[in-house]
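Sharing a structure below in structure tokens format, with a few things to ask.
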């Protein structure tokens, strides 16, 4: 069993119903659709068990489906080219998700950036200041 | 959980002097703002503020065709222009299922490594200048001119190479040119060995950089540092080996790591990487001499709606990531890039605390921060109301800005 | 204290300067294939606008006037990528080795190549430059099967000076519609 | 000794060896420093008139006084630096066997006047009200604490050898090529290193380290006041190399009039060249590293020669 399949099994066991399915793309890239409630558990599993590195968080406006958030986790130090992308989807009207910064400081800047640029609320972020905009910019991130 | 920073922040008292470094400062090539709380010459806390080079590139990319975006991607950062365009093209090629011809892959790799040599020599020169060794700075840059001349002759320009295109490269490197590159590489190898000796053997340089700006292995892993910064802290990662692109799975090279994590280790890692780069260049030149074939793929790419691709390259400063989503047209739906400085910059406060002000510039330069890379800027969120100075800011922004969108 | 090595190194460096006298010295050596200021050969340019379509920075624009049609280059916006040269169907664009573009005259920063426009014989709308029409026809005739060359030439004489809308609406009347071959 | 009339004093102060003469000489030396530094770094360097046009530019600009500055000291500091250097100059024998304003103990006065140059730099920094100025001033002062005792100890050796604090006597002792550099090389090196710190030459240029604290004490200066600083820095190259030539290289060597001046200036030139090579072959120390080196290694060098002198005079070496 390759590492990717092992991770799928682990995530399925950990998330249960929150696991929505997975698909593979070229160059050993694994995309996992999950529910937004499971993001902390899933990220902690990847970071604490496998030492994954969080490359970045991207947000894609997927139209009617809502906002796709993509957490890019690099696991290429364990298996060649393996990357796991967790993809929770948030509704447009109240995009809210748990922050993973309390568990890993790697997410600090990229979550702050996404607060600013995509208006996503990261609940429980310890340092929700502006990052690119001036600190005194009137609209504070939520 | 952020550890050291938070603990120190509570201990900061009002009697500490705040020394600003930036936004504009002779030690910083690009605008960034550091606030250093100091007691005497010792730094007790540090804060970093980025965002002075916002150009809206990620947003702009969503308005332009895949082909025109190559030149925009190159302009995210001047020093790693080829890294950006390679990362972009590789990702688009994954997206459109394009096979790149072998010759094009080797030319890309060759130019990539020439760029790494020029970037590392540039960094070494700037680093020497920051510890006050002006002469070595000048001499290293004199040696760097050799690479710049090569790049200029091979690609047509010194910094912005513009040699990549989707599915290959735009310009072939002739036999003649390969011979010239080979000759220059020999000169360069000598100069590099000389530079390594000069830097490693100099007592004052050693006294200045040994044991300062330490980033421990645990911290580097925790903060997700990449590139030479991580490798100098004992984290053994290199995209060229872990996630090979272009022709990197066909050339041999060593990944240089050091476990100390101080500035001296960072200098060593970069200088020794130079020798590895020269060796990769030589392998590419040898291969290109015999390798024939076209330099660009003939297929016309098609991008299915909702398709996504994720590509990484090892830029001179570390891992550079592109994530592109297509929507079926010749314009990308979303381009997300994450540059190496973006993850290395947050490690700076950890390195600065408990050092002296005299060492601050060289510690900041030690991770080779590229602020233009860090701040790409996407959209400006509409301000409802505010104080007068922010209104002015907004007015200026509205007057000169090109595209504004409310999210 | 200085190492002996460093002193030796600087004394060696004094022998030859790495920098050149600029701007008062002799001109800098630039390699062949340097991507500098672009030039348009007015003899070859047909003002088709292919360069404007691929231009990444918007430095090149196609000017569509009533009497003239042309290509306009604004040098301050040019990023010297050379994509226009690669895309030009008539190889009219060359990149020179000139790189210092500063000037105190605004005219030096703009290059305009205008050509006479061909107007539609029916509605009077501008179609393209006359040169482009001729060039296109010649290109077609050069490559086409010689058997049908005659017929195409006859047809072209009828539709070449019509705009795209008039060609469509008048194709049956002028007997240039492809159905005539069926 | 020259006849003391006020006219001659004024002439000494403004013409020779004072302002006019020293301006031309230091212009040349400063240009040599910059040009040679450039050539050693594989650059081209400025043309010979560069120091002059820099000064013309600075003096033709507006003076801006920052509102945070202590205005009196801010304006006085550059004037003090320039005046103390000019005063030191007429206390030193320049080529001629005798100094224009020599008196018993003038070596000590020269040392103190040269100290004033450093102190006024620190004063300027702390009066400017900028954080960079404040850090520059504190660095300058700690550097002074480091090198001043060493400088005095090193300069004491020639005085001990001549059994006089009069610079004329020290120069006279070395007449006929009997240079003290040969007899007391360690003290000479120590004094040279202290001169490097006074000139802010490379390993010891942390008070105005541009990469760390912009221009240190001079950050807030503009226009004519900065021009005076520029002038003082230029002059320092001549004054300090002249002092070294007087102390260790035999001054004018007791030759006849034009020859002594020429040989004096050639020796000064050699000192400037040595300083320049020293500058280009070095990186900058951190302030604590420089401080500890002055108080250990370099102080030890000066002490070695003092001890050698005592032991030698006891055993009758000289």
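Just so it is clear, A, B, C and D label the chains in written order, and each chain counts residues from 1 on its own.
Everything below uses one rule, namely that contacts are C-beta pairs under 8 Å (C-beta built on N, C-alpha and C of every residue); 3 or more make two chains touch, one makes a residue touch a chain.
Please read all numbers here as calculations on a predicted model, not as lab measurements.
Considering the contact criterion stated above, the chains in touch with chain C and with chain D alike are B. C-beta contact counts were set side by side for A-B and B-C; A-B has more. Spacing of chain A relative to chain B, judged by their CA centroids, is 24 angstrom.
A straight line joining the Cα centres of chain B and chain C is 34 Å long.
Distance between chain A and chain C, defined via averaged C-alpha coordinates, is recorded as 46 Å.
If each chain is reduced to the centroid of its CA atoms, chain B and chain D end up 45 Å from each other. For chain B, residues that reach two or more other chains under the stated contact definition are 135-136, 138-139, 142, 202, 204.
Annotation for chain C: residues 1-3, 6, 9-10, 13, 18 touch two or more other chains. Listed by label, the pairs of touching chains are A-B, B-C, B-D, C-D. Listed in rising order, the residues of chain B touching chain C in the complex are 64, 67-68, 70-72, 75, 135-136, 138-139, 141-142, 145, 149, 152-153, 156-157, 160, 162, 170-171, 194, 197-198, 201-204. Listing the residues of chain A that touch chain B in their complex gives 25-27, 29, 31, 51, 53-56, 58, 60-61, 70, 72, 74, 76-77, 80-81, 83, 85, 101-106, 108-110, 116-119, 126-127, 130-139. The touching residues of chain C, when paired with chain D in their complex, are 1-3, 6-7, 9-11, 13-14, 16-19, 21.
Across the complex, chain B meets chain D through its residues 17, 19-20, 25-27, 41, 128-136, 138-139, 142, 202, 204-205, 207-208, 356-361.
By the touch rule above, chain C contacts chain B in their complex via residues 1-3, 5-6, 9-10, 13, 18, 30-35, 54-57, 79-83, 86, 95.
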